[in-house]
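Note that the chains take the letters A, B, C, D, E and F in the order they are written out, and that residue 1 is the start of every chain.
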Amino acid sequence: MLTEALLIALWAGIAGIDLFNGLTHIHRPVVTGLVVGIILGDVQKGLVTGGMLELVWMGMAPLAGAQPPNVVIGGIIGAAFAILTNQDPSVAVGVAVPFAVAAQAGITLLFTAFSPVMHKADEFAEEGNLKGIAKINYFGISILFVSYFIVAFLPVYFGADAAEAMVGMLPQTFIDGLSLAGGMMPAIGFALLLKIMLKKEYAGFLILGFVLVAYLELPILAVALLGTSIALYDYFINKSNDQTPPGNKEVITDGI
Amino acid sequence: MLTEALLIALWAGIAGIDLFNGLTHIHRPVVTGLVVGIILGDVQKGLVTGGMLELVWMGMAPLAGAQPPNVVIGGIIGAAFAILTNQDPSVAVGVAVPFAVAAQAGITLLFTAFSPVMHKADEFAEEGNLKGIAKINYFGISILFVSYFIVAFLPVYFGADAAEAMVGMLPQTFIDGLSLAGGMMPAIGFALLLKIMLKKEYAGFLILGFVLVAYLELPILAVALLGTSIALYDYFINKSNDQTPPGNKEVITDGI
Amino acid sequence: MLTEALLIALWAGIAGIDLFNGLTHIHRPVVTGLVVGIILGDVQKGLVTGGMLELVWMGMAPLAGAQPPNVVIGGIIGAAFAILTNQDPSVAVGVAVPFAVAAQAGITLLFTAFSPVMHKADEFAEEGNLKGIAKINYFGISILFVSYFIVAFLPVYFGADAAEAMVGMLPQTFIDGLSLAGGMMPAIGFALLLKIMLKKEYAGFLILGFVLVAYLELPILAVALLGTSIALYDYFINKSNDQTPPGNKEVITDGI
Amino acid sequence: MASNNKEKDTKYSDQSTDVSLSKSDLNRMAWRSLFLQASFNYERMQAAGWLFSMAPALEKIHKKKEDLVKSLKMHMEFFNTHPFLVTFIMGIIAAMEEKKNDIETIRGIKVATMGPLGGIGDALFWLTLLPISAGIGASLAIEGSIAGPIVFLIMFNIVHFVLRFGLMHYGYKTGVKSIAKLKENTKKVSKAASIVGLSVVGALIASYINLKTTLVINAGEASVALQTDVLDKTMPKMLPLGYALLMYWLLKKGWSPLKLIGITVIIGVGGKYLGIL
Amino acid sequence: MASNNKEKDTKYSDQSTDVSLSKSDLNRMAWRSLFLQASFNYERMQAAGWLFSMAPALEKIHKKKEDLVKSLKMHMEFFNTHPFLVTFIMGIIAAMEEKKNDIETIRGIKVATMGPLGGIGDALFWLTLLPISAGIGASLAIEGSIAGPIVFLIMFNIVHFVLRFGLMHYGYKTGVKSIAKLKENTKKVSKAASIVGLSVVGALIASYINLKTTLVINAGEASVALQTDVLDKTMPKMLPLGYALLMYWLLKKGWSPLKLIGITVIIGVGGKYLGIL
Amino acid sequence: MASNNKEKDTKYSDQSTDVSLSKSDLNRMAWRSLFLQASFNYERMQAAGWLFSMAPALEKIHKKKEDLVKSLKMHMEFFNTHPFLVTFIMGIIAAMEEKKNDIETIRGIKVATMGPLGGIGDALFWLTLLPISAGIGASLAIEGSIAGPIVFLIMFNIVHFVLRFGLMHYGYKTGVKSIAKLKENTKKVSKAASIVGLSVVGALIASYINLKTTLVINAGEASVALQTDVLDKTMPKMLPLGYALLMYWLLKKGWSPLKLIGITVIIGVGGKYLGIL
């Protein structure tokens, strides 16, 4: 069992990287089913279970950092469980989902934990050290690999029941809270952007964009189009004005 | 009965003032029920009826001068009737509502009748006479008191049946018409504002605000936010321009 | 039968003109029913059938060149068929509609075929030849007359069955395709307008109008109001600026 | 020249800014604000009550009679907002008066803030605080407990009075802090205030004038409801806009607001009798 | 220099404004407006009929051949509005021609008004007046009464002709009154007209071009409808916009409108056969 | 003076534009873009991966260390877009760097494009391409055919890689073509970019921050849900806006992003435990 568990964990590591990098989508259940089937020696069952898990995850999309139940762990545990316990593929889904949810919470923690590393990246930038930046990215990938490796290894090696008991120890509210925090996180990124970009002169446009989405539920693209239409107006129509006395321009930049 | 009727009328006068002034909300049925109960000697019944009438009126909000059935008269007549005729509190509601609707129509008339007094207020303003302004407000409150006093006194003293007959003489269409007129009245206030504020230069923004609400059903706050965003643009970004030749500014004010 | 068929065809020609010109609405089924009834000697039946066909066509409106099943041909064939075959008026509808749909496809072809004539009109304009322009319009009307004349004559003279067989030869997909092309045609007109009006300076407003309708589904009137509000802002508020140094104006027109 | 006259009209002649309102001045104003709607009416709504509440400040600030009169006249103009949040506006406006801002700017800020605060206040108090506190009170009362009305009054009024007084002071501080800057640039600020103010008036017209026609034309099988089939499809709220513009036009032609109020009553009642409104 | 040439192009060389259109001129134009759609076609829609209706005015106003030609060319450009309300635009434009406004300004006003009046007219006449009058007529006719068609025609045409003639005169008067001012400031007015005009064109593109794909990709259990699942979620009306811009680009590349019409027919019929449109 | 310093900060000191990126440079960047999310985190999202992908270009373009550092610092700022379409932005930005555009302008374009491309990409790939190809693959796999995963991977990745590489070259070409013009007029362009950029940030705040309160106040018979009954009626998305502004304010007060991330985790978990979020 150790060999199989190690092979499956290896695949989980690779697939876990592919979920965020490469994105060749070898990480999808439909592929993972085949791979796990080969490893565990039941290609047919692997294919069928992978196909069914694929349908379950279809449409759970990773939009703007929001995380659906982890598709990599879900696919791997589901397929492995179906083959090892010789259960009906549809039962596999029930086992796969709690692991996938827990893994998703883990990813939130990972994305949180990786934030401090950015300050190292800032230092490298300050030094013009591009190698350093590269290393940070390689490091990120290694972390991803190791995390997925471990998370996939344990339940396969120790059996789903034992693993499930472990997962069960994490309170659901805690997991939900992490996922909620994940949904709030983009606020920090936007605040960083604002710190750089926001000047009194342009604050009106921040309001504009907000109102258009909050009240009128426009998609971002429509807001960008409207912003462009104002920018064009400002660029071309007010053109003559700003070109006049060069002294005045300073006033704009110095701002009030 | 006279004493009780007078006491209840007194309370109605006070509560009637509180409905528009003070707004401590002693005028709500849940309080009125207790007070009427004390006056008529059945605190329990008063409390229960008041509580039930409170639930009936909950959510009928006085927004922008629009008048729901009058909560003061409704609460008082309802509670008094329940105790005096020893009826089930839920029956009290049926009696209270027609009086409350009629009282609401009366309020519309009162708000109409009080408009001419504003011209006296203009005169006081012209003279810098702040005492005069104060007197007008005290006068307004007195009128409120007297009106509520009478409207509450009659049905309690003469009995609900007799009073209802009187109310019944007012045609429903007339009452509805008054309430409809009440809904149209804000037009006059807005027209007065426009007379002062509207200049050709800004007419576009009047249109803007109208279109945003009429077609897109935005709340006022959203319109104010969008207006602010335009004002900020205008203030900061067009800034340099308007500061240039002082001669030009006159053009703006003299306007075409 | 020839006389009757000719008279009916004559009426169809007149009504066909009225559908687009004059618009006195003598072309509606309620009038056509009477006329066909007189021609075929059964005024009662004509009136009743016309009335019923009127109700069928009510609400199929000719908006922006989009064509509902042709009301002229529908009304005439329906009324004539009801009287000639002595069928119940409601059966007439079933016969009338396929002819009306085919006629509508024919109208799309006619509007397509008439486009080249506009280049003759351009030549006349270039020569200042207003008589020429008039002739083109008379020619257009004649074409309308002749087309309707023929399309109405055939089924009445040869009988609905024979005519229907002819119509049946046109594949439905082809007719649908023509109607679809009709819906796309306004793009060409708008492109011609853009060729004349679009300058980089104003492209933002094209985007604005598009976004307001595409995403917010505003009616054209609301867009025009918003456009007006911007134009007023631009006209009055930016006024002083553009009046300043005359040299700058050239910059605007020469554009980037 | 017209513009010069106008400029004079909108500026206080005494531009000294040495008066400062004290805490107790602000508290007096907050108490008086309880009477905001004492003389509520359809022509000016809360104007006279607003002026009554502002009186302590205005009296102290404008020592020249001429300026006081200018100020009183402006504050007697149409005003309407939420009766609790009003003190926030009062605080700001008091600070602006103190700093002798241009009258047009003051009016602009009044109009620009009254609409949104009205809407917010209605949501917060009439639709939130009231149902919550009255709900608790009523459920106790229905069980016959005298705690019902008492709990209700305490809950409601703690929020009420903390806000009423707190916002007065907060508004004044905000005003003092941000008004000094505004004054430097009077023209531009009053332009900005006009932009927001008139947008808000346009929005108020579409939000708060209730006028719909119930006219339905029945024609044989067809029936056309003027409001839903025609107006709502081309220009919803056309009647409120039309009526506001009619009032505006009549005002400009010299009709008195009183006459307009009378006409409105007649139209309302008449329209109901004719069944078209 | 380019700008100078352009300026010449858009200005009438004879700037005299002594011609005044008489009532009977306007009436002749109103009669002719009955032929607005005589030569309706997909390239210019009502342009030739519009020019035919304007002819009496243009002939009288432009005595210089050069100016007449300039004017006729502009009036042969794409035009489409409601066939009843059109006379209002005619009146205004006639007044503008009379006052020798800049050609660009005239075009801007034409485009800015034709869209909204089209929409309003469709709502008022096709969706209101017609169902009402025809409803009454039909209900009488169904009972066998000859009054049906007669009542219908009288009702409908009283409104029709009163508006058609009335709006012509009203539009002209409005034009004369408000146009004198506009002319002083040609550049600014034509800029304003362009702003409204192009906003309206953008709106027309999204409103009046009907193009949707019916393409549905079925993939095992999944099925993705291109229009509703993708386009409508990112950019509704993307196909109409794309098609209009394609036509614009081809026009600029020198393709003739005729060719574009032919292509449109082919795409429409082809798309139906392939089942993708 | 402040403005002079600032100007220096946002301009590259070496303004030479003689470097041109080769096809193979662009291809290297496209390969590297596969690692866009290698160090994904909540503080900067894809920033470090973005910088890693841009490195070949930046290294070649900025020969002065001082300029390279300026550039790297800017490219380490917050960034997030769709991981396939990102190469289009990369191409454009590479061209802008090559032409030594102002840093503020480059940032403006980055921010203005990342939001819309994020939304479009999510719709095209996660909601369209993936379900189609995976749907086909899954239906084959369920029948036990090994063709399932193979067909899926081929279908998906042909589109994926053609776009990833194609858009890199297309973006670069577009950038080179249209950037020369932009540079002449730096101030105006960076103003235009700020307008679009900040509108997009406002939109992102309302779109992508998920924060709702589940607080429901039950008061006897009445029950008020804070989110749906109050916030959604006055200002939907008020919590996301408030939270973003709070973060902004704390950043300005000198708090580190890390601290903010920690606080966010605490609020999220705490809010869940208290049942108010």
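Definition applied: a residue touches a chain if its C-beta (ideal position, glycine included) is under 8 Å from a C-beta of that chain, and two chains touch if they have at least 3 such contacts.
Just so it is clear, the model here is predicted, and its values are computed rather than measured.
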Starting at chain C, fewest touch steps before arriving at chain F: 2
Chain copies touching (chain A, chain B) - same or different residues, decided at half shared: different
Where the centres are mean C-alpha positions, what is the separation of chain B from chain D, in Å? 13
Separation of chain A from chain E, taking each centre as the mean of its C-alpha atoms, in whole Å: 51
How many Å are there between the centre of chain E and the centre of chain F, using C-alpha atoms for each centre? 43
Taking each residue of chain C in turn, which ones touch at least two of the other chains? 55, 58, 202-203, 205, 207-208, 210-211, 214-216, 218-219, 221-222, 226, 228, 230-232, 234, 237-239, 241-242, 244, 249, 252, 256
Multi-chain contact sites of chain F, meaning residues that touch two or more partners: 119-120, 127, 131, 134-135, 137-140, 191, 221-222, 233-235
The chain pairs that touch are A-B, A-C, A-E, A-F, B-C, B-D, B-F, C-D, C-E, D-E, D-F, E-F
The chain D residues in contact with chain E across the complex are 217-224, 229-230, 233-234
Would you pull the chain A residues touching chain E in the complex into a rising list? 55, 58, 219, 221-222, 237
Applying the document's contact rule, which stretches of chain E touch chain D when the two form their complex? 119-120, 123-124, 127-128, 131-140, 142
Chain B - residues contacting chain D, complex: 20-26, 28, 30-31, 33-34, 43-44, 47-48, 50-52, 54-55, 58-59, 61-66, 111-119, 121-122, 124-128, 130, 133-134, 136-141, 144, 173-174, 176-199, 202-203, 205-215, 218-221, 223-224, 226-228, 230-232, 234-235, 239, 242, 249-250, 252-254
Help me check something: in the complex, which residues belonging to chain C touch chain A? 200-205, 207-208, 210-211, 214-216, 234, 238, 241-242, 244-245, 248-249, 251-252, 255-256
